Amino acid sequence: MEQQVAELAYALDTFYFLISGALVMWMAAGFTMLEAGLVRNKSTAEILTKNIALYSIASVMFMVVGYNIMYSDGINSFIPGIGFFISGDNTPADVAAGFTGDLSYDGLGDRPYYSDRADFFFQVVFVATAMSIISGAVAERMKLWAFLAFAVVMTGFIYPIQGFWSWGGGFLDELGYVDYAGSGIVHFTGAVAALAGVLLLGARKGKYGPDGQINAIPGAALPLATLGVLILWLGWFGFNGGSELKVSDVDSANNVAAVFANTNLSAAGGVITALIMSRLLFGKADLTMALNGAIAGLVAITADPLSPSPLLAAIIGGVGGVIVVFSIVGLDKLKIDDPVGAISAHGTAGIWGVMAVLLSNGDATFMGQIIGLAAIFAFVFVTSLIVWFILKLVMGIRLSEEDEYVGADVAECGLEAYPEFVKKS
Amino acid sequence: MKMITAIIKPFKLDDVREAISEIGVQGMTMTEVKGFGRQRGHTELYRGAEYVVDFLPKVKLEVAVDGELVDRVVEAISKSASTGKIGDGKIFITPIEQVVRIRTGETGAEAL
Amino acid sequence: MEQQVAELAYALDTFYFLISGALVMWMAAGFTMLEAGLVRNKSTAEILTKNIALYSIASVMFMVVGYNIMYSDGINSFIPGIGFFISGDNTPADVAAGFTGDLSYDGLGDRPYYSDRADFFFQVVFVATAMSIISGAVAERMKLWAFLAFAVVMTGFIYPIQGFWSWGGGFLDELGYVDYAGSGIVHFTGAVAALAGVLLLGARKGKYGPDGQINAIPGAALPLATLGVLILWLGWFGFNGGSELKVSDVDSANNVAAVFANTNLSAAGGVITALIMSRLLFGKADLTMALNGAIAGLVAITADPLSPSPLLAAIIGGVGGVIVVFSIVGLDKLKIDDPVGAISAHGTAGIWGVMAVLLSNGDATFMGQIIGLAAIFAFVFVTSLIVWFILKLVMGIRLSEEDEYVGADVAECGLEAYPEFVKKS
Amino acid sequence: MEQQVAELAYALDTFYFLISGALVMWMAAGFTMLEAGLVRNKSTAEILTKNIALYSIASVMFMVVGYNIMYSDGINSFIPGIGFFISGDNTPADVAAGFTGDLSYDGLGDRPYYSDRADFFFQVVFVATAMSIISGAVAERMKLWAFLAFAVVMTGFIYPIQGFWSWGGGFLDELGYVDYAGSGIVHFTGAVAALAGVLLLGARKGKYGPDGQINAIPGAALPLATLGVLILWLGWFGFNGGSELKVSDVDSANNVAAVFANTNLSAAGGVITALIMSRLLFGKADLTMALNGAIAGLVAITADPLSPSPLLAAIIGGVGGVIVVFSIVGLDKLKIDDPVGAISAHGTAGIWGVMAVLLSNGDATFMGQIIGLAAIFAFVFVTSLIVWFILKLVMGIRLSEEDEYVGADVAECGLEAYPEFVKKS
Amino acid sequence: MKMITAIIKPFKLDDVREAISEIGVQGMTMTEVKGFGRQRGHTELYRGAEYVVDFLPKVKLEVAVDGELVDRVVEAISKSASTGKIGDGKIFITPIEQVVRIRTGETGAEAL
Amino acid sequence: MKMITAIIKPFKLDDVREAISEIGVQGMTMTEVKGFGRQRGHTELYRGAEYVVDFLPKVKLEVAVDGELVDRVVEAISKSASTGKIGDGKIFITPIEQVVRIRTGETGAEAL
């Protein structure tokens, strides 16, 4: 029976991984809808195109090279190795070989306890998530093909290299940097690459007035934006829930359950505080702030959705909801134009999330967390800036003024997102 | 023959239509327009940034009527469209030289 | 191996719970889209705000106090106890302790067989469902913050108290009231609270004419409403499928499978009959009736999705689809204005569902079902009415006439759901 | 413990089936949104009605008779038997009886290893998928009730009969036709039935000009279309992933994982190549082509998502993405008007998928694959044509010219999909 | 110079545009409007409740033409817009005192 | 009193509004229209099929002004709406016989 029990556990963990991965894949739809709802009509079809294309590019690039960089043996703990394509999977014999009769995490030893291919699938959707964050921040003014070129480099190299540092066994792992499902490794990374792009790209025309005034450019379809956030919320159960990496024993199952409950509560906390903040600051219940609040809550808990009590999880999310509102207003003051609030929700809230680990997780150290953030920032910002800059020289990254005025949809995709609806000019 | 063009508040449309119909006018054409005037727009905050709404939604009604009816129609519109508050709108009277009913080719007052 | 098998079963049941709960969470998106599609443009952003906020409030309030009321020891079988926050989880030892080698439900004894935290997560999404029902019925005219205040009381107290009666071991449980996944406990409850609110609130301006005529106020975006119903349909597999509470042995697995198949067929039956009814009564295939028919079918089967044969399940749903059409038309005659048909689909069809249990489930009694409905109605209606009334006195529950004319979006949220689209005035 | 392990495996496989089936059910929402996004405003509510109604009819008809045809004993290997309604499920004793202690597929013998009711549920959503394909192709001009009448015959008889040939143990199965999850059996089948309908129905008025010009009729809401494709993408993990039919041992679990990864990569490949093709051919990145490319990639891998390496999977999808672009342009040249590209994405790409099996699966033969396609085409085309033709005689299948001009929404459903939005005339 | 304003059925727009272009008129301006007239709206049922559609979609075409062309344009519109059924619409002719082409500053017939 | 009707490029709306306001005109009415003219539309490809966009989005501004202001307003519009490229639009001047302010019943120049 031992073999059977080991196989069943392997099957359950693999299935759990795959379902988690499918939920994370679903986040691609969440970002797509969120961004399509928060840009203007005239940039909607292009942002849709960008999102479905970036997901596809991420999938292929990570298969071709990224996965093998991130989980390489590594030349040293800073420089990963390289490899191509995806190799085979475990055999029943591998699985049975080291089985000690103990299903718990500690009893695993070196034994493979889930399918490698399932692991690849789960990882591939993470890199797509990081890339999705970027498309929103540079929306409405960046050239489609320049963006997709950046996606090739980001998902094939930049993300995997920094991912190697923590999850591939590199120096951040050794240093004790704690980041359960990737507040820093995924969300902050995406936000930093976005920031580099936005700085080079500049703001949308008309966003900032000549005498310093900040003009609102309302999103065209808030139901889609709301749907997007609810999709992300659902997908996040896979993102965080799957990051326990095991469900097949009592402790792991309890952990996964705690992660689900905390993830939900943190998002809820973010919504509530962001809504209250916007009521206090602006006098109205700004729906888009509540939406960003939800994401901020989700990002904030992602660095450790396991250790906090449910109450603390709600508070961590709640603080995230406050932070995101101030961050959005603050970035606008700095004339950093982020149409969907991605840099605030994934970046600023990501920083908070990484530091909030210290509230409940004894394994984390202040220095470890700070160094983790600094390393990610330095590496991702510099490499992204270089890549954006090269693209700028080679093909240009910004739409011509006329194309921006007409809209990326007609200029880049040759069609309109809502051709039959009469729109305000 | 005159064209009576009224810019009114959208929610008064039904009242005005009824008032005109009662006088016996059988047709009119409505356009959704935006008005700028003494009734100032308002400033909204969206994600903390300002958002000025200058042009307010209005409805433009065009009613072609035969000379004798003009005054009664103007009066009917004035009454039914009025709320007494700023932004109630205007009525313009302009000359029409000819009217044709496409279906029958009739012209003049008969075409209305 | 015994310990391992017990742990694996625990893990599987926990995972099944969590996935079911995630599907139920997804119903929040379903309600949001359904309601956003069936209200007018000018109330859309506000209904989105309400939905995401009510879900968040439900999550937090149930964590803070609701869960501990619903599953308290109880002062007696009418009055539950109270407690706060969420406590720890089972240990591997607890799980192994009472393991008899029998995985079936009967063999469980007192042994915990799934994570308590997963149970909390599964329960928390149920209370959000009940609350979501309400937002649709009071849409387009209720003040945002009054509604959210009601949500605090409903999800923290009213729902948990009546939930205690059946699912917490209170007097309805003792009396033999049968309600598998909550046609009464969740859906009828939500509808009754909504009814109380609507009665106090009155109809939308223009809905009922001075000489008794009933004016249609078409929903602004039927694709969103349809998406919402399909989301609910999917989520309901978690709602009903998870309510078996166990999947880890042959009988439980078969039961869960039967519940999935029956839930699907009942919804299908509801669509078909509602569509035919609307063709017969109104001469056209009214899509919105088909949508309400789907929900009515789902609600109707929820009280017992296990006992009926697949054919009977389709019939129960089909009857639900007929009932909902007449209920919608009937409530309109009574000048009870329910923009999305929530009271009919969850209330009237909920009554039918609770009584339909008698068709196939020998454990249910006519009196037990009737008393269950009566108790829920009496308690929820009276308490809700009181809360709505207090809110009316304290802060007002209805938008001013001008705000209602301008629309809740601008009045309450300071933005528009579709700012760039030209809309009919 | 043997009994327990067998039960646990049974439970896991049943749960895996149900979750896979739920994901496939979700594809109904995908088709609904895709089609609602690609038709014009004035046909949107009707296409929504068709989609929710066809899914419901498929569910009921397959329960009443289809399932019993498809999985009947068969009069011979061409003519299936018939039967009605759904019978009972396996008992714990059945499951335990033949348990050899070997969980692998080969060790199963005749032993039932998952719930029959779960199997029914999984199958029922497949027939709905086939039917969904049709609604898009005949959109904007077919009468609602004629379409629904066709759905009754298609889901109750035509699909089950040809399904019997391969999956019910009929002659295609004997002949070695290899079609893992149904590129041919489901997708090509749907496309062929659609083609028959379109040929009888003719093109939408205005689609083809008098002197051979082809006029574009842009879809009204591309965000919905994009959402639809992302929903389908997610649902396809259930469609292909569930078609392994087992997850409970190491080999099966690895297979399911490989299927997930390959399905994802093939879709990604289709997006990338379709986007590049549209850039090369039309000068712009046509989003709708990228969307059809995703579906083509998914359809193409469906005939064998297990054997190809990840790289080959991406290539198979990539070829699908190229094929679909040429197919769409080609069908237009033949004046075959398919508003959503269903015949190309499911039919042409389906043919490619069935033949692409030969690239990696040694069990498939050229003749077997060809005969499979030919048999499906011949049977489905002829029977569909006859049914469409009878419907044409009996009730008419095409909207009157005036109804088509006004739009199916007002003509058939008596309402508009977006009544408040101002639309271009 | 005259302004010819035609209210027509939306699906006739292309025919009318072609008919006018053939005469040599080079420009026109189109507005989506709603018309109320002898062609009555219809009553729909939505969820069992009545729903009166009073105002029907129409297209308003405005064509400024020099005096001599007026009759030919009116005739061209009349013919191409006609279906013979009620609701075909009207043509109004009104005087224009001056025209300016913004780009060049040209005025009068040259500005058209 | 005259009605000045200007067809302009949409993105010039704000400039024109400001230019007119500066002269002291307090009100105007704006309509979204589609223009057909020398500025030809373009052909798009959608799924490989052609798609001609004939009518381009324009904004129609209607400004009623008292006689003396007419020239200044026309000039202000001309200047502020001009890009020098084809399609800049036209200005039409037509007579108004009477104006009424609905709110007060004032007529003539006072009603503006």
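A few points about this structure:
A, B, C, D, E and F are the chain letters, set down in written order, and residue numbers restart from 1 in every chain.
One rule holds in what follows: a residue touches a chain if its C-beta (ideal position, glycine included) is under 8 Å from a C-beta of that chain, and two chains touch if they have at least 3 such contacts.
Bear in mind that the values here come from a model prediction, so they are computed numbers and not experimental data.
Path length between subunit A and subunit C in the chain contact graph, taken as the least number of steps between touching chains: 1.
Touch-path distance (fewest steps) from subunit D to subunit E is 1. Looking at C-E and A-F, the interface holding more C-beta pairs in contact is that of C-E. Superposing the C-alpha atoms of subunit A onto those of subunit D requires a rotation of 120 degrees, given to the nearest 5.
Taking the mean of the C-alpha atoms as each chain's centre, subunit B and subunit F sit 18 Å apart. In whole angstrom, the spacing between the mean C-alpha positions of subunit C and subunit D is 32.
With centres set at the average Cα position, the gap from subunit A to subunit B is 53 Å. Residue positions of subunit B touching 2 or more other chains: 31-32, 44-46, 94-95.
With touch defined as above, residues shared between interfaces to two or more other chains in subunit D number as follows: 1, 5, 8, 12, 19, 218, 221, 227, 282-284, 286, 288, 414-415, 418, 421-422, 424.
Of all possible chain pairs, the ones that touch are A-B, A-C, A-D, A-F, B-C, B-E, B-F, C-D, C-E, D-E, D-F, E-F. The part of subunit B that touches subunit A in the complex is made up of residues 44-51. Residues 213-216, 218, 281-284, 286, 288-289, 325, 328-329, 332, 341 of subunit D are the ones that touch subunit F when the two sit in their complex. Within the complex, the subunit F residues that touch subunit B are 3, 17, 26-31, 64, 94-103, 105, 111-112. Contacts from subunit B toward subunit F in the complex involve residues 2, 6-8, 31-38, 54-55, 58, 60, 74, 77-78, 81-95. The touching residues of subunit C, counted against subunit D in their complex, run 1-2, 5, 8-9, 12, 16, 19, 23, 40-41, 101-104, 218-223, 226-227, 229-231, 233-234, 237, 241, 247-254, 256-258, 260-261, 264-265, 267-269, 271-272, 275, 282-288, 290-291, 294, 309-311, 314, 418, 421-424.
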